[in-house]
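Common to both upcoming complexes is subunit A, partnered first by subunit B, then by subunit C.
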Partner chain A sequence: MRPLVEIKRNILEKNDLEADRLRDRFNAAGCYVTNWISSPGSGKTALLEETLRELIKRGESAAAIVGDMATALDADRLSRSGAMVKQIETIGCCHLESDMIINVVESWDLSQYNFVFIENVGNLVCPSSYDLGEDERVVCLSVTEGEDKPLKYPSTFMAADTILVTKIDLAAAVEFDRDALLSNIRSVTQQPTLFETSAKRGIGIEAWIDHLIQRRIEKVTPVQV
Partner chain B sequence: MHELSIAHSLIELGMNTLKQAQITTPVYAVHVRLGRLSGVVPAALRSAFDIAAEGTPFRHSQLLIEIVPVHILCPNCGPVDLGDGIGYVCPHCASVAIDLLQGRELELSSIEIEDIEIEDPVEIEYT
Partner chain C sequence: MRPLVEIKRNILEKNDLEADRLRDRFNAAGCYVTNWISSPGSGKTALLEETLRELIKRGESAAAIVGDMATALDADRLSRSGAMVKQIETIGCCHLESDMIINVVESWDLSQYNFVFIENVGNLVCPSSYDLGEDERVVCLSVTEGEDKPLKYPSTFMAADTILVTKIDLAAAVEFDRDALLSNIRSVTQQPTLFETSAKRGIGIEAWIDHLIQRRIEKVTPVQV
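For the complex of A and B:
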């Protein structure tokens, strides 16, 4: 019988350990962090641009880290909001990992930012396996993608804290079935928080910003005992 | 899923284990547990493992995969084994308020090493 060396370790544990390190750093600095996951073309960047703009208008400080396989196009767009933005070009990698985020924030004074937004690579499969030290995992789904996405990508939707429905201004044109989407979401997960938005028309943005600000206050306010 | 990236992480974890345990004999097999909800395709992982293992002490090793079925805890029905299924809903009462007990594993569970002398001993270099 050959000797067996027992290991019993998660193959992706390195990412988990690094995510914990990141989480500690974010917490110490009072940052509220969201990780945005969606398929390409969901309107994630446009909504994030409006989110940054509105937060800054309300006097909040924000930064964004954007992942794409190639180009800095998204970072250029998001910079128009006035927020600090850094692009990660993953070249071949289909998702962001914690070490990529660490490389970016290592040189930042995180205490300057109330909010850090991580826009993941457009991909509804792989990003959900990688903890990035976030407080809230946001999945964006546009009305044009179909109500069956939660059924087709259960792992991703199950891990979502919040679902942002985007391009709601196109709902009538594509005959978006809200009830079907809610039912499909319910069949893979207990109801996450849901917002219906249109970045182009400014619909639903205020409620979404109120939510973010409230969540951060809950995070950084010491609990009264 | 990006099985090659996962295979590289597996090899890296394996290499660290060999180094820590000061093992210099060849590795006969790598035992991995894959949950049905892990998103990893076994056949793709096998192909990726062969590529990632090149030039390492694992280059002649077998990859032995144990598939872990999904077990959920239903508030109404208690623990439920989903068998070959991958739902997130209790099959008996359709509740979605379930907790996942197992099924997302992506685990290096053990390494089986040779205990015999061979003609061309593997030289292990640790980076």
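For the complex of A and C:
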């Protein structure tokens, strides 16, 4: 059998090529794309639902692609926001790959959407190796998971453009140590964009939505020379 | 390139053979072995620390093998219990495999330990495919993760012998719906052994320790004919 390292390298190289194709499509259509990674149960679906709802309220158009091992529970939740939502049931695969995303967007007119959100399979390890053609990699971490997670999953946090600390309303109940988390984040990655949020209580949502809208404007505005 | 399905089957078949070798060693030494699987941040290290401490207090001998992507933080925590603890740093691998466990126990005199605990990498997906020669597969799920997890990760919950619901002290703060969780568990697996626990408040620990001790007695007691 061929060494596993080589097999994995081939898979990742193939994915990178497909991610570049995806990025070209997203760029041509003016879509701002985020890829959301977290542990199961970190609250990323709740926060994404809130994000879609707020963007639509502000007149933005948005679509979401949701990866899950099984069930369409998350897609059903996200559809309540009024956004276009498509479920990918990965059936045993622990992460999303670019070809799965291509299969979905092939039948879409991407120019209809200012934003495309990709909610990865709940897994803090494997999804971080797969580029999905996104503009921004978002890692969600709930205050209930423990402040040590950036140290224990450094590759995932190193690859994050933005860290969304979730369930901040539970901070007191779990004796969340904010300084320890920030220090651990800083020890694996320099100056990530960070928002502290609670989808349940609406905390931090406005700043996060402002950030997304601003980033899309920067993306689609031609550079003045 | 050979189809990925075949490559994965070969890896799993090799692991199964090594798991059988491991099981033979554990059986010959009279070790009762549990393999702990959960999401990152579910509180499995805290519960395992409590488990080791209580077993040692009751005069039992125990060792633990801890898998992590990076850092020896968990091994350091578990060592405080007084148990023999060995860290496996998986460096990019998202699960433990039997050959990693064999490498550790090769230098151990297993007959010194009534119990061997294997704490897998925090990941609710990939570790469930890998038999580590255990007697009991333990899946931890914290009340903060949401009641839908058994439906979304059915293969992991179907393969569980025991489900440890953790952080039960936070049930009220997160509006935990116990009936919904039990119903979701029952829809993917029949009559699993279930304990509701809080390592922080010492809830459910005694029943869990009784269960472990009883299971080991059943394992090492010769069947009367």
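Throughout what follows, the second predicted complex is superposed on the first by the 214 of 225 C-alpha atoms of A that agree within 3 Å, B and C clash if a C-alpha of one lies under 4 Å from a C-alpha of the other, contacts with A are read in each partner's own complex, and residues count from 1 in each chain.
To be clear about the criterion, contacts are C-beta pairs under 8 Å (C-beta built on N, C-alpha and C of every residue); 3 or more make two chains touch, one makes a residue touch a chain.
The model shown is predicted, which means the values in this text are computed figures rather than measured ones.
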item: If touched residues of subunit A are counted for subunit B and for subunit C, the larger one; value: C
item: Partner chain in contact with A:L194 - subunit B first, subunit C second, else both or neither; value: neither
item: Touching partner for A:G41 - first (subunit B), second (subunit C), both, neither; value: second
item: First, second, both or neither for A:M69, with subunit B first and subunit C second; value: second
item: Touching partner for A:S155 - first (subunit B), second (subunit C), both, neither; value: both
item: First, second, both or neither for A:C126, with subunit B first and subunit C second; value: both
item: Partner chain in contact with A:L12 - subunit B first, subunit C second, else both or neither; value: first
item: Which superposed partner A:C94 touches (first subunit B, second subunit C, both, neither); value: both
item: Subunit A positions touched by subunit B in one structure and by subunit C in the second; value: 2, 4, 7, 10-11, 94, 125-126, 154-155
item: Parts of subunit A lying in touch with subunit B, wherever the complex brings them together; value: 2-14, 93-95, 125-126, 129, 154-155, 158, 186-190
item: Touching residues (chain side subunit B, partner subunit A) in the complex; value: 1-2, 5-6, 9-10, 12-13, 17, 21, 23, 28-29, 31-32, 37, 39, 86, 88-89, 96-97, 105-115
item: Partner subunit A, residues of subunit C touching it in the complex; value: 1-2, 4, 7, 10-11, 39-42, 68-71, 73-74, 92, 94, 121-126, 142, 144-146, 148-149, 151-155, 167, 170, 173-174
